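Let me begin by presenting the structure, written as C-alpha cells, before commenting on it.
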Amino acid sequence: MKFSVLVNEGPFTHQASDSAYHFVKAAIGKGHEVMRVFFYHDGVNNGAKLSSPQQDDRNIVKLWSQLGKEHGLDLVICVAAALRRGIKDDVLAEGFRISGLGQLIEAGMETDRLVVFGD
Amino acid sequence: MKFSVLVNEGPFTHQASDSAYHFVKAAIGKGHEVMRVFFYHDGVNNGAKLSSPQQDDRNIVKLWSQLGKEHGLDLVICVAAALRRGIKDDVLAEGFRISGLGQLIEAGMETDRLVVFGD
Amino acid sequence: MAEPVDIPEDDEPGEDVKKFMFVNRRAPYGTIYALEGLEMVLITGAFDQDVSVVFMDDGVFQIVKGQDTKAVNMKNFSPTYRALEGYDIDKLYVERESIEARGLTAEDFVVPVKVLSAAELAGLMAEQHVIISA
Amino acid sequence: MAEPVDIPEDDEPGEDVKKFMFVNRRAPYGTIYALEGLEMVLITGAFDQDVSVVFMDDGVFQIVKGQDTKAVNMKNFSPTYRALEGYDIDKLYVERESIEARGLTAEDFVVPVKVLSAAELAGLMAEQHVIISA
Amino acid sequence: MLHTVNKSPFERTALATCLRYAREGDSILLYEDGVYAVRKAQSTTADVAAAAAKFKLFVLGPDLDARGVRPDQVIDGIRIVDYGGFVDLAAENGPVQAWL
Amino acid sequence: MLHTVNKSPFERTALATCLRYAREGDSILLYEDGVYAVRKAQSTTADVAAAAAKFKLFVLGPDLDARGVRPDQVIDGIRIVDYGGFVDLAAENGPVQAWL
C-alpha cells in the first residue's frame, strides 16, 4: 500500500515527529511504499540541520535524514510555513527539500492513506 | 516596579510571544522597569533572524529587536533550549543574546514580578 | 495561489477526483493552526478535488463575524473564508452540537454554512479519501 | 550545573532567598515541557533559593515509577527527579485531587512526595515570590 | 495574587484548575483563547458567572475584539482591561501564576 | 475508518470528540499522551470501557511503556499494538482521522 505522512510539529517540543518517524520506518519495514513525508506548521523545524540535542538524547533531525537516505524518502518542507519560521535552504538538513503546499495535496491524491501527526 | 518576563513559545505558532510583547511595551509605557525577557522552550525561536512572515502580517522577531533597541531591553535566549532547536549565534536576530538558565533564576530573584507567557 | 476555476455545480467528479476533508477544531489567533489550515484549503482549490471543510469544537470560532485584530496587531484572516467560493470550495459544514454549546447559530458566521449533526458529519467523514486536521 | 550544596535542614533562609515554585501540569514525553521544566528546577539548585516543586493534573505522571522509553527511543528522565535531593530541593508536592482522579497513591512515585490538597497548595502558592509554569 | 488563563474552557482544563486554586480576593485575568470563557449564553456560562461573583474576574479587550466577542456578550461583573490594565493587575497583586 | 487520539483525556477534549464521531466497526488507536485513557481505576475508566465495548480500541505499547503504564493496568478489551500494528490499522481501515 502507498502511504504519505503529514508532520505538524517541530522536533523535541512534541512527540509528533518521533511518532511519525517510527510509523514511516515500520511501514517501510512491512513492505509498504512511503511516497512523501510533508512537514507543515512547526513541523518545518524538523529540517533544520543546526539542531544539536544533548548527547544522551535522540537526534530526530538526523534520524529523518538517515531514513530518507536509506530509502530514498521524499522529505518535503512547506515553503510558506518555513519562511515564517526562518527555515531556508542554507539551514536545511540533508535529504530534505523545500516546496509548496501543492505537494501535500498531490500526496493526498496519489496515495492510499495520508496519516497526520501533530499536537 | 521591576518586571521580568518568560516566553515559552515561538513566534506565530502561539500568541504567547505577541502577548508578552504587548505586555512588556505597556509596562515600559507605564514607567515600570523590565529587567529581562527570557526565552525558553520553543520561545528561543523568537530570536531567529531568518524569520520572514508574509508582508501583511506582523514580524514579531523584528518587533522584539526594535523594542529591545529603543529601551535597552535584555532579550535572553536559553542556550540549552536553543541548541536543541538549532538556534546559534549566526542566526540570532539583533538585540538578542544567548545565555544560560541561570539568567532566568536571577531575573526571578531580582525582580518584583515574573510573568510567564506560553501554551 | 490558483485562479478560480469555473466548474458547473452539477458536474460529476472525474476519475482523478478524490474527496478531501479539512477538519478545523481550533480557535483562531491563540495558535496559528486556523490560519495555516485555511492556507491548505485554498491550495486544494487549484487541484479540482472534492473538498469539504468542517468546523467543530472551537474551530467554529474561526468564522464568527466581527473579528477585529487591530489591538492585537495580528492579521485578521476571517474575510479570506469568503474567498473559498471563488475556488469552488462551497461545502462548508458546521457541527450542530458545537455551535449549540457555544450559543451560536448559522447567522453568526462570515460565510454560508450547512449545519449538520456530529452523526451526519461522521457519515461524510467515513466517505473521504483524505482527512486533514490542522 | 552546580555542585550539591550542603545546607542544614533547619537553616533559616537568608535575606536574599526568594520563594520559587515550579508548577508541573503536563505529562512527560508527549511534549518536552516536563523535561525542560526539570532542567529549570535543577538550575535553581545552584542559587540557594527556597524551591517548591508541585505536580498536579497530568504533571503527576512525570514521576510515576516504571517508565521505560526504549521503544519510543526518547530519553527517560524520570530518574533525574531523584537527583533533586542532592541540590537540597526536597519540597516536592503532589496534589491529592489529581492523584485520586488518576487512581495513584504516594507509593507510585519515584521520589518521596508530600500529598496536599489543592486548597493547601493554594495557600503555599500565595506565599511565593516567583511561580514558574512549564 | 493574579492568575492568568489563556486557554479555551471548551478545550482545556486550565480554567477549571485555576478555579480550584483561586482564593478569596484573588484576581483572574482571561486572555488569548481564554477570553471565550466570558461569553454569555453558552454551556460554560453558569460556572464562570459563579466564579465572577466569587473572585475578581478580568478579560483582555484586545483578545475579545480579535475573536469577535462584543462587550455586550460578556458576563456581568467581568471587567474588560487592555494591556496596560494587565500590567496594573500584575503590579498590584502578589505573585502571578500562569495556568498555561 | 481509523481514528487516532494522542491527547490525555484529562486535559483535552480530543477523545470525547472522537467518540462523538466513531461509528460501528470503526477502530480507534490511542497513542502518545492518549494512552493515559486506557488505565483502569481512574475517573475516566467507565467511559473508556464503554467505548471499548462499542468500538475496536487499540493502544500503542511503546507509549504505554514510556509512561509506566503496565499491561495489567489496561482496561479489558483494549488491544496493545506496536508501530507495525499502527501501520496495519491504517492500511486495513478506510481513511485515517487524527483527533489532534
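Letters A, B, C, D, E and F mark the chains in the order given here, with residues in each chain numbered from 1 onward.
The rule is simple: contacts are C-beta pairs under 8 Å (C-beta built on N, C-alpha and C of every residue); 3 or more make two chains touch, one makes a residue touch a chain.
Here the structure is a predicted model, which is why all the values come from computation and not from measurement.
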| item | value |
| --- | --- |
| Contacts common to subunit E and subunit F (chain labels) | C, D |
| Intersection of contact partners for subunit C and subunit D | A, B, E, F |
| Pair exhibiting more inter-chain C-beta contacts, C-F or A-F | A-F |
| Chain whose average C-alpha position is farthest from subunit B's own | F |
| Chain of greatest Cα-centre distance to subunit A | E |
| Centroid spacing, where centroids are CA-atom means, of subunit B and subunit F in whole angstrom | 38 |
| Chain centre separation in whole Å, for subunit C relative to subunit A (CA means) | 25 |
| Centroid spacing, where centroids are CA-atom means, of subunit B and subunit C in whole angstrom | 34 |
| For subunit F, residues that touch 2 or more chains besides their own | 6, 10-11, 13, 32-33, 62, 82, 95-96, 98, 100 |
| Interface hub residues of subunit D, defined as touching at least two other chains | 29-32, 57, 72, 74, 129-131, 133 |
| Two or more partner chains touched - positions in subunit A | 8, 12-13, 15, 22, 41, 54, 80, 114, 116, 118-119 |
| All pairs of touching chains, each written as two labels joined by a dash | A-B, A-C, A-D, A-F, B-C, B-D, B-E, C-E, C-F, D-E, D-F, E-F |
| Residues of subunit C defined as touching subunit A within the complex | 16, 18, 20, 32-33, 36, 39-40, 43-44, 46-47, 49, 129-134 |
| Complex contact set, residues of subunit E against subunit B | 4, 6, 31-33, 62, 82-84, 86-88, 90-91, 95-96, 98, 100 |
| Interfacial residue positions of subunit E with respect to subunit F in the complex | 10-13 |
| Touching residues on subunit C, where the partner in the complex is subunit F | 23, 25, 56-57, 97, 118, 121-123, 125-126, 128-131, 133 |
| Parts of subunit A lying in touch with subunit C, wherever the complex brings them together | 6, 8, 40-41, 80-81, 100-102, 104-106, 108-109, 114, 116, 118 |
